[in-house]
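Here the chain labels run A, B and C in written order, and each chain numbers its own residues starting at 1.
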Amino acid sequence: MAIIECVNIGKIFQRNQALNNFSAFIEENKITGLIGRNGAGKTTLLKIIAGYLKPTSGEVKVFGHNPFNNLQVSANLIFIDEHMTFPESWHLEEIFDSIGLFYPNWNKELALRLLAYFSISPKQTHNSLSKGMRSTFHAIIGLAARSPLTIFDEPTTGMDAAVRKDFYRALLKDYVEHPRTILLSSHLLNEIENILEDILLIKNGTKCLHLPVTELKNYALGLRGKADALNQFLNGKEEFYRENFAPEQSFVVVKNDFSEAELRELKKAGISTAAVPTEDVCVYLTAQSKGGISDVFNRD
Amino acid sequence: MFLTETNVLAVTCKQYLVKLKAVSFSGLVILQAVILVFWTGGMGMYGASNVLISLSVRNYSSDIVIIATMIWALALAIMQTKKQAKNMDFTLVSNRLTSCLSDIGILATISFLGALTSVFSGMLQRLLMYFALEHSTIINSSFKPPLAELALDVVAVALYIFLIAAGGYLFGMLLEISRLFAFLIPALILGLARGQNNYFTDFLGFYITETSLLLFAGKVLLTSALCFALSILIYNRMEVRR
Amino acid sequence: MSILLPFSIIIILAILAFWGYRVKSKGKKPLLPRTAQRSLFPIYCLLLFLASVVVYALPDESFVHPPAGNIKEISAEIYQLAGRIWPVNTPNQAIYENLSESYPLTAKELKLVVAGDYQDMIWIERQEANQGQIQVKSYVTSYLVEDYDITSQIKPPVLTWEDNTLLIKSPPKYTLKFVSFKNNFLTSQFKNPAGSKIGRTYFGKEAIHLVVPSETEVLTDYRNIVYLN
């Protein structure tokens, strides 16, 4: 059952088109990763889902209702980002108590234990936290609130690698115990791909790909060999990325829909094949130009 | 298909509690205390003299403290509409209606507490004067006003502060639509106040010439309800946490 | 302008207090410790409450100072007398005696010298019983400030007796300052206008009552003298 339905939504800020004809359906009790480059429209999409922003066109439904200004939707979701605002003079523990007022599934004990684990004192005030600690604190809120729909918008900004790892493990553990719908946006896929079930790739405000992570792993194939030889096999194939390094040598990433026979022929033609890491697939898929950054330097 | 059900009243009450705990009255206390301690000149004086004696009477009242409290409440009402304050609501469960309703509750509370403290600051002033001056220089006639009069003062001042806060809240909301209002509204008020017509004095007179507290309360509550309704209408269409 | 200035100061003060707080709260270190900040308002409220209780408990007598020691109400006789002589004497106005002296008179003549700014009436009364001495009394009708009787603070004239000469001098110029608490102007619209009316403020009158032996001749240049008999 789709808990979030986006149909052809568009969002225009002044002159900037942040979302364009975006459609997606996100199912209940799944962890979905929202992946995209900077400015692809991730945050805008999440804020529309949370009901903070109003789409310029199209229709959004969360729990079957338009989320904009909807109290019931708001009561069933929590939106975690680095801009969460709390009274400046409050202790973290007081903030926890106020969250408990609003979220019936709130587990303060868990939150305090996590806080202790990350060595943050509950007697600190919110604005005395460093950037990484603040992100950690917000992430703890997202975990312990156990809201039916939990949205993390770039939750790991500023966290160090160890904390990030711990956070994702904690998220997965808690998710297994208390399944809920989790939307996680990030531009770093490799860190989160182990906990994700689905991946939603967004590019220039439109949906690029929406797949289970397992399928994404075999989605693309990297071919390396002589350019001439390569081109024979690429007829009609969707080419995600091409890099010409040594003379006559190319590396091409294409959609992996080769048959067994074709793969054998590739080998015969002296072309080596390699699986492409999901991280790279996403980078290639969301790239603005086929050649990547090296194109900028290859003027001729 | 919601997993958690809630209603406007419940969320409004919770938001009110959270906001009430977050509102700082320290600024108000410091403001009133500073005026009490340093505003020793009173509200004015008059005198008379003959060949031998020159006699002067200095008048004291809580008006200055009340006016300062009104400005404090106005600033606070405007601040309630600012992005930061609103983000605080939308960090947790909220919609535009509950956010505004809890603000109204907060403004009503600060109106009452502001009125209470500013009116009773007069008592502290009397006490300070009593011990600071020779008793003989204090004219006893109004030193101990009847308690009923103090109660009336508190109610009337609370209504005035609430009216001002409601106006400030609407002004803040308009500011959120466009910064132009920051310039337009004061210009409009000044224009009406300085112009040939009497709209502004008529408008003020609508409140300040009302002698019945009950009717005054009706006028104030009606006007503030209008301000708040407009604010909610504006806010309902507004995006948050941009 | 004079009314605008204090108001603009107040407005600036209020805004500063508010913004000061905002700016402070954005920084890492608050102006006041957290607990102090939380308890400031309740403490202030408690202080106001206690102040009110104390104000209402203050004794009313403490406002009259000095407590009626040096003035006393005069006899009905004099009151009637004064009523006859002082032309615009309101019927219920109190008359006090704030000075009473007697001096031995050794001559047939009494020289009366008035100096300084003294301009008030001098009543001279001859009495048989009063041989060999003169009696000087200073009377004053009540001075009111907003209906509050301040007569006790009025200084009597200064008398000097030397060589059968009575010198009457006004006291040096002096200032009386009072503090009056008023109803709040902002809420005066709801109050009975009669109730909040400011009381009467006026100056009283003064006179010297001089009792001399019946045979004595009074020598003086002073014009404002009434011989009672």
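The working rule: a contact is a pair of C-beta atoms (placed from the backbone, for glycine too) under 8 Å apart; a residue touches a chain by one contact, two chains touch by 3 or more.
All of these numbers come straight from a predicted model, not from anything done at the bench.
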{"item": "Interface with the most contact pairs, given as the two chains involved", "value": "B-C"}
{"item": "Centre-most chain, if every chain is reduced to its averaged C-alpha atoms", "value": "B"}
{"item": "Centre-of-Cα separation between chain C and chain B, whole angstrom", "value": "39"}
{"item": "Between chain C and chain A, distance of the C-alpha-averaged centres to the nearest whole Å", "value": "84"}
{"item": "Between chain A and chain B, centroid-to-centroid distance (C-alpha), Å", "value": "47"}
{"item": "Shared-contact residues (touching 2 or more other chains) in chain B", "value": "24"}
{"item": "Residues of chain C whose C-beta touches two or more other chains", "value": "25, 37"}
{"item": "Residues of chain A whose C-beta touches two or more other chains", "value": "89"}
{"item": "Chain C-facing residues of chain B, complex", "value": "24-35, 42-43, 48, 50-64, 66-68, 71-72, 75-76, 79, 113, 116-117, 119-127, 129-130, 133-145, 149, 152-153, 156-157, 160, 208-213, 216"}
{"item": "Contacting residues of chain B [partner chain A, same complex]", "value": "1-8, 11, 14, 17-18, 21-22, 24, 84, 87-88, 90-98, 236-237, 239-242"}
{"item": "Footprint of chain B on chain C - complex, ascending", "value": "6-7, 10-11, 13-15, 17-22, 25, 32, 37, 40-41, 44-45, 47-49, 51-52, 54-56, 58, 60, 62-66, 117, 119, 145-148, 153-155, 170-171, 173-187, 189-191, 199, 201, 203"}
{"item": "Chain B partner contacts - residues on chain A that touch it in the complex", "value": "47, 50-54, 63-64, 69-76, 78-79, 83-87, 89-90, 94, 98-99, 101-105, 147-148"}
